[in-house]
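In what follows, chain A forms one complex with chain B and a second complex with chain C.
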Partner chain A sequence: MTIYTRGGFALPGTSVEFKTGSWRLQRPLHWHRDAPCHTACPAGEDAQAYLARFAEGRLQEAWETIAGANPLPAITGRVCDHPCESGCNRGMYDDPIAIHNVERFLGDMALSEGWAYPVTAPARGAVRVAVVGAGPGGLSAAYHLFRRGYRVTLLDALPEAGGTLRTALPAYRLPRDILEREIERLLAIGITFLPQHMLGRDVSLEELRADHEAVFLAPGRQQSREWSVQGSVPRDLHTGIEVLQDWISMGSVPQVSSAAIVGGGNTAVDLARILRRAGAEAHVITHNALPGPDAQPDDMMAALPREVAQAMEEGVVFHEHRGIRRLILRGEKVVGVEMVRMKKLRRPDGTLDRVGFEGTETVLHVDQVIPAIGQDVAPDGMEGPLGRKPFFETDAWGRVAGHDGIFAGGDARFHSRGTVSGAVGDGRRAAEAIDRLLRGLALPEEGTAEAIAFEKINLHYYEHAPRAREPVLPVEQRTGCQEIERGLNSEQVAAEAARCFSCGTCFACDNCWTLCPDEAVLKTKELASDGSHYVFDYDYCKGCGLCVHECPCGFIAMEDEI
Partner chain B sequence: MSTVSETTIPIAELRRSQLRFRGLEAGHRACQGCGQALAARLVTEAAGPDVMIANATGCLEIFTTPWPQSAWRLPWMHSLFENTGALASGMEAALKAQGKSTKVLAFGGDGGTFDIGFQALSGMLERGHNVLYVCYDNEAYMNTGIQRSSSTPHAAVTTTSPSGKARMGKRHLKKDIISIIAAHHIPYAATASAAYPSDIRKKVRRALAIEGPTFLLIHSPCPLGWGHDGSQTVEVARLAVQCGLFPLIELERGELTSVMPLRSARPVKDYLKPQQRFRHLFQDDTRAAQELEHLQALADHNIEVYGLRGTNADPLDSDGADTVRRGGMRWA
Partner chain C sequence: MPQALEGSQAIAQAVALCRPEVVAAYPITPQTHIVENIAKLVADGKLNCEMVSVESEFSAASVVLGAVAAGSRAYTASASQGILLMAEVLYNIAGLRIPAVMTCANRAVAAPLSIWNDQQDSMAVRDAGWIQLYCADNQEAVDTTIQAFRIAERCELPVMVCMDGFTLTHTLEPLEVPSQEQVDGFLPPFSFARTLDPRSPISVGTLVDPNYYSEARHSHHHALLRAQEEIIAAADDWGQLSGRHYGGLLQVDGPEDARLGILTLGSVLGTLADAREEYPEAPAAKLIKLRSFRPFPVEALQQACAGLSDLIVLERALSPGGGGIVGAEVRAALSELPDAPRVHNFAVGLGGRDVPLDIYPRLLAAAQSSGPTRFAIFDAELDRLPEGDR
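This part shows the complex of A and B:
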C-alpha cells in the first residue's frame, strides 16, 4: 500500500476506485412503454415511432414504419377517424399532434416518390392463401400475407379493387387518384388479383379451400337492411347506400327537392351532403345525439364528428334524438314524415331501450325518405361460416369457430369497428393468425398493452406549441368532388412531428446524462443495445431516482434490487 | 411491460471516451440525489480544464476528497471555512505573477460564504481579484448536522431552529447575499439553480469571460437536510424558482441586467409541501397559516421587485429555460 506523507496529494479522479453502486437498493433501467397513439390505433400503427423517424428527417423510414402495419396510409390518413389523436397525451397539455396529417403526408410522399413496400417476393411454390373482398380489410390481409411469404389470390365481385373505399366514400373525402394510385401500387407488389370473381357465382368457397391453405373473408356488408315504418314502405324507395353508390360511380342522384335521411352513420351524412350538392334540402334524422362534448359516448351518432361539422357548414339539417313515427303519404307517394322525440333509456337490466315521447310529434315536409340504417353481409357463397347470421362471428384473430382455415374480418365481422383502420387491423391480425396456423405455431397471448399515462410525462421540459390548422375548402366551393381537407405542408408536418412528447421512448434529449449528480449515466455515440444513447454505470449509480423523475417521456423506471 | 436488455459496450471504455469535460469524477461520496454534487459537476463541466479550485470546508470538500482518493480532475486545494476568499486571492496572484491565464474558481457552501468566510470573500471582491466565487447554497450547515445559517429561509426547521411553542422554525429571514455582493460593485454577480443546467452553463461562461471578481449563487437542494426524496432534487429546486422564492437574476456593477421570467408563478405551498423542513407549516395552527402567508408574501415581493412575470405569452419558453429537444440540443 502506498504510504502518504503529510503534504501529500491525491491523484485526480481516483475516487473511481470506490464503487458507490453498492449503496443502491433500487436501480434505474430503460423501459420502453407503448404510447397511447399506438395502443389506440385499430390498424396497429405506432405513430410515436414514425413521428420520431420523421423528426429525425428519415422520411422514407417513417413511411416504412407505417407500412409495417398499414399498407394504405395515403387513404387512412384522409378517411380514418384517428383514435390516435383522441388518445394522444399531448391533448391534455395543449392540442393533440395532428397525426393523421403526418400519415397522409407520408402516404402521399410514398406515392409521388415511388417508395417500395418493404416486402420480398414469396418463394416459388410458396403456400397459397385466398382473400375474398378487395376492400381495406382484404387488401391489408393480402399485403400482410404476402409480406410473410405467402402467394395470395385476391378476389372481388367488382371490376376494380377498393371495396367500400371505392363504392361508398365520396371523392371530396377521398380523391379518386389517391385511391387508384395507392391500391394499384399495393396490388403491383405481386398479389394475384381476380376482379369480377364473385363467391357463390364464379367460384365456391369449397373450391377456394381446395386450392388454398386458408381463406380470409372480407366481403363487407352489401345487403341493405329491411326498412319500413309500421309496415309501410314508400313506392320509390331507395336505400342510402344505393343512392350513394350511384352518385359515386355515375354521378347521379334522385331528383328531389327535399329528403329525410334516416340514420346517423357516415353513409347518412355523406348522402345528405351529396343531396345538398344536387341542390336539395337534406335532413338527417337520428335516434342518437350529435357529437359534442356533452354527448354520452354510447349515445353518439356513428358518423365522424368532423364530417358532421362539415355537413352542417354545408347546410345539412340534423334532427338528433328523433325517430320517424309515421310516413305521411298521398297515395303511395311520400309528402312528409311525422317525427317524435326519442331517447335511449336504460332498462332495469342495463340494456338500452329507445323510448318515444308522446306529445312531441312534429311534421317534416319532404318528398323522399331514404333509409341509411346499415347493411348486413350478403350471404352468397358464405352460408357455411355465416351460420344464418347477418355477420361473421369471429374471435379477435378473425377465426370462425368450427371452420378451420376460414378467417373473416372487416365490416363483415360482428363487433367490427366499421372503419377503414379497423378493417386494416383485422386484415393484419388475420394474416398473423393464418401464418401461425400454417406454421403450426400457437397464437401469441392477447396483449393487454397499457399505454404510458399522462402523469409519467414531465411537462417542464416541453414548450407549449399550437397544433397546425389544416386548410379546408370554403363552403361555397364545395359543389363537386374537390377534396375538402387540403392537408398540411412539409414545414407544418415537421413542426407537428417535433411537438410529439415521444411517450415511453427515448428521444436522446440528454436529460439523464446532464442531471445525474454521480456521473453514472454515460452517453454513447452509437446506439446502445436498448435503443437509447445512454448507459447506466451501475458501479456508481446510487439509485437516487433523479433520472426517473426528470426523464421527460417516462422512458426510465426504478427496479428493486433487494 | 417489457424491459430492454443492457448494452454490450465496455463501460470503462465508455467512461474514458465521454464527449464532455469531466471536472468531478464518479465515486464521490455525496448522498443520493445531492444537489450540490450536481451543481458542482455542471460548473466544472462548463468551466473546462484550464481552472484551479479553492474549496472551503463543507460537504463538497468532504465528499469529493476521502483521503487518499480525490474525485477532482482539476487542481484543487482545500481551505478552512473562513478563508476561501483569501486562498483564492493568493492563488490568483501567484498565477498572475507567473504570467499564467488559468482561471481560479472558489467554491463554498452557504455557511462558508454567508457567515464564516464572508470577510475573506468581501476582501477578495474589494481587491478585484480575477476569481469566480461559486456559492452552493443549501441553506444550512448540512455537513455538521443541519444547523441554521444566515442563508436558512424564514420558518425552515433545522436542528438549531426547531419548531415548537415559541417559534415556527427559523425566526429570521434569509440573508440577501446577492445584493450585498453586488454592492461591492463587481462586474458580474448572478443566481442560478441546480434545476436549470443550461442557465448554469451560460452564467459560468459569462463570468469566466470577465476579467475581475465574479460571483455565482447556486440553489442546491439537500435531500437530507431539507427532507425530501433524492429523486425530487431537481423538482424541488425548480419549484423554488417557479414560486418566486429563489429568483434567477444577473447583476452587473450592482445593476439588475436580466431575470429568468416565470411561465406562471406557482404557489409557495407547492414548493414547501414536499420538504420535511417545512412540514410544521401544514399543521392545523394559526401560526402555521400565518407563516405560509409570510413566505408567499416574500415570493410575491421577489416577483414584483425583480419583475419576474414575463410579458410574452410563454415567457419561460421564449427564454428557452429548459426545453429538451430530440438529440440533446440545448440552448447552452
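This part shows the complex of A and C:
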C-alpha cells in the first residue's frame, strides 16, 4: 500500500477541514525536462541520469545508464569532444561538470570489474542483420541490434575491429589496452564478427541482403581526396591519413626536418604532433580560424579545441586563415610553400566564401607538404546506395532513400559529425529504425525536446564548487605513446557528480514538501510515474507557486487552469 | 543540544513548553505550520490543551479572549488578512487587558494578493494596544515566545510576537529548544486576578460614557509604557537561565564610534549582519535592532543613536500617503535630541522581495551621498511603472 506523508515539518491537523484548493487559478505540475548535457550528446547519453546514480553510490547502475546508449564509454570518455560539457548549465554558474571524466571513470571501472552489458542473447532463429564496418558506428549498431534481439553479423576489411579508433587515433589519446579490452568484451556478448571481410571483394551487398533482413553500412571514409596546387604535385606525396596510419600501425614517421600539413581536422593535428615527437618542425596550414571565443562557428577548424591546444603546447605552429598559393620545388622536391592570407567573405545567403588576399604572400621553407584535407567513402561494393556520391545521403535514421533495408552512418554519412560519439549515435538510431522497420512499426516523430534553460535553475540552492582538473602529461614527457590526459580519482569523480544541478529532474530535496504553506504536497516512499516522490493534493493547493520558485532544478512548472 | 528545526515547528514546541490550556486558530499561510505542529502535539498526547478549530480568525481571537477571561493561558497565531479580520477582537483583547499571546507570521496584505513576507499586517494593528516584539531569527522567536507569556501575564497586556513569514517560519535552523524545567522555572502557572466566575458574575468591556473613556485609555497607554521594564526583566532573567539575550527593547551592535547607523526590525537584521562581514570595506555602521515596537522605547532609542550623524531606518512596511511607519516614530523620538542624526527612511523587501546582501553598501552610499530621504521604497524598480506613476 502506498503511504502518503503530508507536510514536511507540520503534519496536518485541523487545516484539512478547509479545502483551499478551490481558490486556485493556476496549478503546479511536475515537468521533467531534458538536461542540456543529454540533448547535446550525439551518442544520446543522459549524463544527468548517470551522474545522479553515481552521486547515490550506485556505480554499476550509472554505467548501465551510459551503456543503454553507448557501449564504449571508456573510449568516448577519452576521445569525445564532450558537447555535454559545452551545454552544461553549470558552465554559466562556475565551471561545467567534468562529465567526460565521470564517463571515463565508469567505463574503466566496468572493464576492471567485468560488469556485464545490459543485454540478453537473442532467441535461436532470431532475425539476422548485417553491419559493415567495425568502427564506432558499426560497433554501436551491432550492440543495439543485439540488445533488441537480433542476430548480428559484423564485417570489417581489417583483421581487427575498431575502425578509425584503431587506425587514426594515436595511443596518446586512446591507449591501446583500453581500446582492445572494451571492443573485445563488446564483441563477446555474442556478435558474430567476421574480420578481413571486405565488401565487394569477399562478399557482395546483394549476398548480405539475401542472408540478412537489413544492412547497416558504416565503412568510414577510406579514400583520400585528390590534392594539388594549381596542378602540381610533389613527387614524394603521401596523404596525411596514410602517414598517420603508418605511424599508428608500424611506428614509422617520414624523415623530414620540417613539414607543412594542409588541413584543419584532427588528422592534420595528430600528424603534426607525431612529427613533433620525431623531432621535426610541424606547420599546420588551415583556411579556417583557430578555435577560440572570437572564431565564428562556421569558420572554425574542425579539430577538437583540446587537441589544438595540446599541439600548440608541444610546439606545433598553426597558420590560420592561410592557403597555399604555390609549391616551391627544386626539381620535383618540395623546398617550401608560398602561403596567402585567405579572406572570408559572406555570400548573400550567409555562407562563407574564401578568396586569396593579394599582397599577403609569405614563404615557408619546409621539406615536405602533407595534405590532410579529408577522405571520401571508398565505393567498393557499395556503388548502389552511394549513387556516385562521395558519401551516403541518409535521413536522420540512417535510411538510404530508394534502398529499403539499407542504412548507413558514421563518417560515411553526409553531414556526419565526424566524431566517435556522433558515429555511436548514428549506430544507435539506425538500430532503432531497423528494429521498427522489421517489426512493421512507424518511426517516432523527430523529437524537438528543448533542454531546460539555465534561468530555470534556482541558484540559491547550489554552492560554488571548482571543477576538478585532470592531470596532464608535461609537454617534455610527450615523446611516445603515453596517454596525455589522465583520469580523475574516485573522490574527484564523486565530487563532480555531486556538483550536478540535476537540471529538470527531481532529486528529492524535499523543498516542495517542506515549504508548501498548505501542506498540499504529499511524499511517497515509492517513486511516482513522473520520477519524483511527491504528489500534489489539488484539494488543498491554492496555486501560490512557491514550490515552482523554490524547486532548485526546474522540475515544477505552473499551468493555467482557467 | 541544538536540533535542526523548521521555525514553525520550533515555535510550536516553545508554545507547548508554556503549557497553554487553550489554542484556537484558523489556518493561513504562512502561519499554518505553527498551528498544525501544535495540533500534532495535542493529538500525540504531548500537550494537554483544548485545541479549538474555528471558522475564521475573528472567532479564533474571540475564543482566546474568552479563554483567558475564564482563567486559561491561551494562544493563537495568524498573519496578513487573518490579522485584519481579527482586528476588532484584537482591540477588545487589549482594552480588556487580557494577557493573551499570539504569533504573527508576518505577511504582506492584499491587494494585490501576496502570501510572502513583509510587516504590513502587524503594523496595521500597531494601535490596537498590544505589546509587539519583533524577532530577528528563529532562536530569538522561540525564546521571545516564552518571555511573551510572562510579560503578558505580569503586565496584564496581550503580546504579539512577530516573526517574518517563510524567511523564519519555513526555514530550518539548528536551534536550542529549552527544557521544560527551564520554562517552568521562568514562567509560573497562570493565575488571573480578574478570572470570570459564574458564582460572582461581573460584566467587562461594557459601554462607558465620556466620563470614563479617556482615563481608561490613559491607563492602558501607561501600562504599555511601564511594560518596558517587564520586557527588559524578562529578557534579563531568561538570559540568565538560558545564556541567550537579544537586548530588551533594542540591541545595538557595531563599533562604538561609528557615525552611521541602520535601524530595522525582524530578519533583515541577519542579512545586514552577514553583509557587514561580506563588505568589510564599507564604512563602519552600527546595527540597531528594534525589538520592542510597542511599547516604543523612546529613551533607549535616543541613547542608541547618540553620536550618530546619519541613521537609516529600514522597514518592511509603509503607510501609503504618509511614508515610513517606524521611520516617522524614530524621527519624532530623535527630534528631542540636540544633535539629532539625519534620518533616511526606506522600505525594503515588500511582498517577499528578496533583500540581497549588496543592499548594505548601496544603503550606506545612499545615506552618505545626499540629504536625508524622507521616505522611499528602496528596491522598487520604477522604470517598470508607467511614467505617471513613478
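Note that in this section the second predicted complex is superposed on the first by the 547 of 562 C-alpha atoms of A that agree within 3 Å, B and C clash if a C-alpha of one lies under 4 Å from a C-alpha of the other, contacts with A are read in each partner's own complex, and residues count from 1 in each chain.
The working rule: a residue touches a chain if its C-beta (ideal position, glycine included) is under 8 Å from a C-beta of that chain, and two chains touch if they have at least 3 such contacts.
Keep in mind that this is a model prediction, so the values were computed, not measured.
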Touched partner set for A:Leu11, first chain B, second chain C, both or neither: both
First, second, both or neither for A:Pro517, with chain B first and chain C second: both
Which superposed partner A:Cys544 touches (first chain B, second chain C, both, neither): both
Chain touching more of chain A, residue-wise (chain B, chain C): B
Which of chain B and chain C A:Ala126 touches, first, second, both or neither: neither
Partner chain(s) touched by A:Val233 [first = chain B, second = chain C, both, neither]: neither
Residues of chain A that lie at the interface with chain B and also at the interface with chain C: 8, 10-15, 17-18, 514-515, 517-519, 542, 544, 546
In the complex with chain C, residue positions of chain A that touch it: 7-15, 17-18, 514-515, 517-519, 542, 544, 546
Chain A-facing residues of chain C, complex: 5-6, 8-9, 12, 25-27, 29-30, 32-40, 42-43, 51, 53, 115, 166, 170, 172
Residue numbers on chain B that touch chain A, as the complex places them: 1-9, 11, 14-15, 18-20, 22, 24-35, 37-38, 41-42, 64-74, 197, 223, 229-235, 238, 313-314, 317, 322-328, 330
Contact set on chain A toward chain B in their complex: 2, 4, 8, 10-20, 23, 29-33, 52, 55-56, 460-464, 498, 502, 507-511, 513-520, 522-526, 528-531, 533, 535, 537, 539-540, 542-546, 548-550, 552, 559
